[in-house]
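Here come two complexes built around chain A, the first alongside chain B, the second alongside chain C.
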Partner chain A sequence: MKHLGRIFNGLIYAILYAPLAVMIFFSFNASSSTTQFSGFSFRWYQNLFEDFAIRSALQNTLLISITAALAATALGVIAAYGIYRMKSKSLKNAAQTVTNIPLTNPDIITGVSLMLLFTFVGGWLSMQSSILGFWTLLIAHITFNLPYVILNVLPKLYQSDRSQYEAALDLGCTPSRAFWKVVFPGIVPGILSGFIMAFTLSLDDFIISYYTNGHFNILATQLYTAVKKPLRPTYYALYTLIFLAIMGLMLLVNLTQIRAEKQKGSTKNMRRTLAVVLVVAVALVAVLGVFSSKRNDVLSKMREELEGELEGEYTRDLAGTTLYVYNWGEYISNGQDGTLDINLAFEAVTGIHVDYSTYDSNETMYATLAGGGVTYDIVIPSDYMVSRLIKEGRVQKLDYGQMSNYKYIDEKYKYPEYDPTNEYSVPYAGGYLGIIYNNTLVDEEDVDGTWSLLWNEKYKGQILGIDNARDAFATAQYALGLDVNSTNKADWDAAAAKVREQVPLLQSWVMDQVFAKMEGENAAIAAYYAGDYLTMVDAMDEAGENGDHLSFYCPEEGTNIFFDAMCVCSDAQNYEAALMYINFMMEPAIALENAEYICYTCPNTAVLENEDYSMREEEVLYPTTDVKATYYTHLDEETIAYYENLWNKVKADS
Partner chain B sequence: MSGTYQGKAGKTRRTSLGTAILNAPYLLWAALFIIIPMFIVVYYAFTNKDGAFTFDNIKHLADYSGVMLRSLLYSLAATAICFLIAYPFAYVVCKWRPSSQKMANMFIMLPMWINLLIRTYCLTTLMDGNGLVNQLFVFIGIGRIPLMNNTGAVIFGMVYNYLPYMILPIYNVMSRLDKSVMEAAEDLGCNAFQRVRRVVFPLTLPGIISGIIMVFVPSVSTFYISAKMGGPGDFMIGDLIESQIHSQNSNLPTAAALSLVLMAVILVSMLILNRFSDDEEGGSMLV
Partner chain C sequence: MEKKNIIELKNITVSFDGEKVLDKLNLSIQDGAFVTFLGRSGCGKTTTLRVIAGFLQPDEGDVFFGDQRVNDVPPYKRPVNTIFQRYALFPHLNVFENIAFGLRVKGAKKEEIEGKVREMLKLVNLEGMEKRKVTNLSGGQQQRVAIARALINRPKVLLLDEPLSALDAKLRKDMQVELRRIQRETGITFIFVTHDQEEALSMSDVVVVMENGQIQQIGSPVDIYNEPKNAFVADFIGESNIIDGIMNRDDTVTFAGHTFVCVDEGFEHNEPVDVVIRPEDVDVVAPGEGMITGLITQATFKGDYYELIVEVKGFKWMVQTTDAYEEGQQIGIVLVPDSIHVMHKSEFSGLYGDYSTFSDEEDVVPPEEE
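Then we have the complex of A and B:
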């Protein structure tokens, strides 16, 4: 019986720790894979100290967690003492009920309701810039931390002996002096555990932060974008360090407590433990501070390297300002594996800091812009969404005269359908939607060059659905020979019915998650974008030379061609910097680096004519035979609402 | 705190004024950031996009009854499984030496310091079609077994992530049980099973109830675990709310109506739970 209990608990621990063991193990992987171990290395730990994005997110996370925990503790102790001293029983109950609301409300509701409040206030104040940011995030964190502090302190207050406090008053103490001398020492353990809980919860929160953080990037929100793709082991390295630090700390606390219980000197040890915790926290911040100084060195080194490489003129007049860029995930050269970090390079040259955030669909981008609460200077949506933003006045005209590198944009991409007057956008990159399949899992005779592969029952459970309404319905519309830009509701109904047929065959719905699924050979077939197919091949080659397992084709019934274009938002705070940034993106040297990294079709003639461009003859990007393809166009409100509703039902009913 | 002292005033007035001053900041905070946001959700749920009063958003929810039922079933299953694991687990731990108990507790809490997103990601690298577990299965000749992207995986993901929230409150109550009560039960002829059923279980009910709440609430509202580990048919209410907010015709009224239903579901479950326990302190036993 005793052994059985041990075995059972051991098993539970094993399950709890298996994923963490995987994390620690693969943080030492020599390749970027998180499922294939190819040798031991410290590469990702080194990478961690070079990654400015992670470091700044870590600093922001610590800043928010510590500030929120301190503020919540102060406010919570006052509140607990107030509730404790309340005379009216009903008032007391009311206060405690309110305290319980954030505890029992799901995070998603706390997050959404606070977001609604903040954007409402932002709209009411008609704020020009983002209301969502550090302050709103701090308020949200304090709000969900408060109940934990109160509930930790309140029982200690009730345990305390009221007569001692009254005796102190009778002996001439002022109430505040009596509180500090008599009550406070008794509730210190409650305050401490409240503070530690608040800090932990802040550190770990994702959902509430996700709705209230705006531009203020913390680790959790950054991770949310990162975990959609195969996660870089840099994050494994970071969390391995955090894990080991916390484990060390908790072991220390526990061991001192165990020893203290033997010696019966608990307050003294409690203080000692607190001192240790504080010292460690300060040391951590100090270490970060030491590393931060490196950023300037990197910037000045980068500036020297870029000297003479650039054709446009870049002033440093706007140095010290911030430019907010909102782009697709994994869609810019970011310094990984020796590539150029373009945003950092821009900062090196102009002194303008680029605050970069990402989305994974045009729809998410649109909702964020339309929702208010957060503003951006530059967005990079696809064609049909560019039309919509133009039509709704959400983007503004560009001064092409200030962008000397615009001459490098291929004539065939100027005056596009989505921006017929060519006043609002500069093409960034594009490509085709097509089918990516794993040729070791799919039999060659089943590949007939049509969309029907996505409906092949033989591959039940191995097909990935594309998780956005427009593309998912388009695959069905092309397969059925319908117009993807139809405004006829019956056409959309037919497409929805066709997608419903596909649902039982699907493994899951994916957007950016497609990378992990296809690179890890967890699924066999997916509809996705040409450029991303090349990215997957590269990643698989790097992890274990399996890139040739993947193939791509554009189905013969026709497919979607898309182009993403850089636009400046009408409420942009930094218009001049935005133009400079767009010009910078078109620099031959920069555009080449970017084209090599993102693997999409490049509209820049300086790149296309450059012999060094490794993908200039890549059939998938620059097909030599005709591909039957259409652009999506912006549809009317009613049609959009109709198909989005259909889409939610398709997903909900299955 | 020194502001509470009103030197010349009488003693009773002093305390009540002091209490009011003490309570003001928190009550103000709670009103602004807890109560008003709730009203905003209600406001959105009952107005259309032009701000006129309507019941349409609520009626519209009939389309999503399947999703709601699914969320409820999945989270109830996850909560039940968590309980079935946590209770014997805590029972076993309580038999250990005090110092071992402390360590056991610490190692339950430790994984919670690692972000849920990364823990779930690591879990998927283990369970995916060509993940580490399946690689092992293929290696020893069993072949691939679909562990991921199905209902079981979603429930497993919830159990994995929220189990500590069930273990800790149960353990906290159980470890404080008076040993003499157990001995008395034994002396009166109870066997081991009867002791658990008639003595331990009723006395640990407050812990069980806070455990249930702490597992059920995040489970029923999750949108990450279901999206990451589920198949195409595992869309949950949290996913639906998230997709209503982040869609092209950003649909806040429907999202608000869904949130309202979610809150109602949780409120009802709490009321049901409260019938089993009249101990008000139950909710405070979190760590």
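Then we have the complex of A and C:
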């Protein structure tokens, strides 16, 4: 029995810590593969310290966590003391209940309601620019931290001997002096654990931050929106470090608490710990600050390097202003692994600071714009969303005359369906939906160039379904020869029926897991995007596996083409800078860097004609044969609701 | 020689949650006296102390220190210091710093603090302990630190809230003597709260007996014992048989079917009264020789005396005698005039003084009073 208990315990710990262990393990992987360990290396740690975006997000995260924790601790102690001193018992109970409610409240409700409050206040103050940002995030974090601090401090107050406080008064202390001299030393342990708890909660929080951070990027939101590419191991390295730091902190606190308990009554150690924690926190922020002071050196060096590389005219008239850019996560060259940090480069040249935040879907971006409370200058949504934004007047016309590099945009991408008058958008990057298959697992004769491969029963259990309604139904619609933008319910019913046929053959529904499954050769066939196929091949090559095991084709029945395009918001605060930024993105040198990094179809002719562009011959990005491709259009709400409902039923039955 | 009043309470009323804890209480305390508030748990004695210390604002009534009304003076400005029931020493400070606390708050000079703390350590016999942590001290030592800490500011009045209740019996006796000595040495007015009548009688100059938020009697220990004002006081202080009687006229009272000569005067003609007979004042004689007779229902040997429960006309008396008696024996009872104390009827009449349900168990120490 004893052994059984021990084994059981061990098992529980193994389950608890296995995910962390795996993350730490892969943070030392030489390649970015999540399935193959290709050798020990500090590559991702080095990467981490070179990445300005992550560093600034980390700096922001620490800044918020520490300030919020400090503020919440100060307010929480005051509040706890107030509750403790309340005369009426019923009032006291009421106050305690009220402070506890936010604890039981789902984070999402706290987040959404805070966002509503902030945007309401913003509207009420008729603020022109964003209200969501550092201050709202700080207030939000203080709000959810506060109950935890109170919860930690109140018991210490109740434990404390009320007559000690009275004794201090009796001996001549004013009430406030009595608090500091007598009550405070007794509750220091509670304050300390409240502070640590608040700090770690702040550090961990995603949901509430997601709704209230506005432009202010923190690690959690940045990580969440990093959808355009598989998660970089740099984040594993970062979270390994954070995990170790927090563990160290906890150990320190526990050790001091144990020691303090041994020498009962002594709060010296507690105070020392509190001091150590504060010093460490401040030092961390300071170190990061020193790092970012190196930013200026990087900027001036970059500026020199770009001298003569650029074709457009870039004045420094707007230097010192800020440009707010809202883009998909992991969708711009950001300086890692020796690539160019484009946002930094833009700042180096123009002196305009790019405040860059990210989203994970068109719908998220739309909700943010429509929700108010935060304004952006530039957004980069996909085709159908562009047309919706145009229709709703959320984006404004562009002065193409000011963008000398617009001439490089391939004619075939001008006057697109989503912007028929070609007044609102500049294409950024795009790609085709297609079928990725493992040519060592799929027999050559089964590859007939059509969507039917996804329904081939021979590969039962090796096919991956794409886990979003529009794309999954589109594969069926193309296979059946139906219009993917149909508003006819019967068409959607037919598509749903076709998807149901596929269900028994599927290994699973995937989005991001597609990378691990295909790279690990654990699945044979998947419908996904061309750019992602290239990413997989790269990752496999890098890990020393055979990237050439994977193939891609666009089915001949037709497929989806998507394009993300740069637009300027109607309420943009920095229109001139926005045009400058778009022009900058179209610079041959810049566009090349970006195209190399993001691995999607680039609409820039200067890039396509450049022999240095490693992907210019890439058939999957630039098909030489004619691909029958259609954009998705923005469907009416009724149709969306209809197919979403069908989708939920299919998923429920599968 | 009339000493001046240092504290006066006038019509003090305090209520907690609508319940009156002090009801129009009036009290004067003379300078330099050792005054004890004696009463059961919940009688209002600690509340009265807290009103004097300033921790509690009376709902009605005035508190005077000398001629000055101090209702609105906060505790830290009142010239009183308190010793709390569980001492309330500051656990994060050592003995020296605990004692020095009051002076430090005042901003006294270092040399002054040194000197005065030494003086206090000497007063309470704690020399050499200044570096010790207060959490490592024995109960008696903690008590001494609390005394020293409270006295270092030279208060005009020292308030002591059941300071000895946490000590064992032996230590309690020692501390009683100690406190009395310190009070004499310093000449400071002590207001001492206790529920222990023996403690109150042995230490005090003046005992204030309280019940139901009111003062039942104020007087010297001897007065309180010998001349209780009502059934409550008579029962609470020592053992008493309290019997219904009729005061026929001055110096003559009838109870238990017999008319006795007594020394009490100033009653109405034929006024119904409570008669107090202390168990030790009863003379036990042969059945025929007594003024009244009774039947022993219980006899307990107590070492230096016997304790008898005697049934007299349906009422059970407690009697203490040095002679041996047995259960079931008939005895005669003789009461000399001095052993009879007559009281006016009060709200407490009939509640106390009957030993029908007497058991020998000691009263349990009541829980802390709020």
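The rule is short, and it goes like this: the second predicted complex is superposed on the first by the 525 of 654 C-alpha atoms of A that agree within 3 Å, B and C clash if a C-alpha of one lies under 4 Å from a C-alpha of the other, contacts with A are read in each partner's own complex, and residues count from 1 in each chain.
Convention: a contact is a pair of C-beta atoms (placed from the backbone, for glycine too) under 8 Å apart; a residue touches a chain by one contact, two chains touch by 3 or more.
Here the structure is a predicted model, which is why all the values come from computation and not from measurement.
Trainee: By residue count, is chain A touched more by chain B or by chain C?
Mentor: B
Trainee: Taking the superposition as given, does A:164 touch the first partner, chain B, the second, chain C, both, or neither?
Mentor: Second partner only, chain C.
Trainee: Using the superposition on chain A described above, determine whether A:174 touches chain B (first), chain C (second), both, or neither.
Mentor: both
Trainee: Tell me which partner A:277 touches in the superposition: chain B (first), chain C (second), both or neither.
Mentor: neither
Trainee: Between chain B (first) and chain C (second), which, if any, makes contact with A:185: first, second, both or neither?
Mentor: second
Trainee: So which positions on chain A get touched by both chain B and chain C?
Mentor: Correct list for chain A: 174-175.
Trainee: Residue numbers of chain C touching chain A in their complex, please.
Mentor: On the chain C side, the touching residues are 53, 55, 74-76, 80-82, 84-86, 88-92, 101-102, 105-106, 133-135, 149-150, 153.
Trainee: Quick one: which bits of chain A touch chain B in the complex? Just the residue numbers, please.
Mentor: 2, 5-6, 8-9, 12-13, 15-20, 22-23, 26, 34-35, 75-76, 78-79, 81-83, 85-87, 95, 98-110, 112-114, 116-117, 120, 139-140, 142-143, 146, 148, 151-152, 154-155, 174-176, 179-180, 193, 197, 200, 203-204, 206-207, 219-220, 223-224, 227, 231, 235-236, 239, 242-243, 246-247, 250-251, 254, 257-258, 261, 362-364, 366-368, 370-371, 461-462, 465, 469, 503-504, 506-509, 513, 516-517, 520-523, 637, 640-641, 644, 648-649, 651-654
Trainee: Provide the residue numbers of chain B that touch chain A in the complex, in ascending order.
Mentor: Of all residues in chain B, those touching chain A are 1-5, 7, 14-16, 18-19, 22-23, 25-27, 29-30, 33-38, 40-41, 44, 63-64, 66-67, 85, 88-89, 91-93, 95, 98-99, 102-104, 106-126, 128-132, 135, 146, 148-149, 160, 163-164, 213, 217-218, 220-221, 223-224, 227-228, 230-233, 235, 238-252, 255-256, 259, 262-263, 266, 270, 281, 283-284, 286-287.
Trainee: For the complex, which residues does chain A have touching chain C?
Mentor: Residues 161, 163-164, 166-175, 177-178, 181-182, 185-186, 264-267 of chain A touch chain C in their complex.
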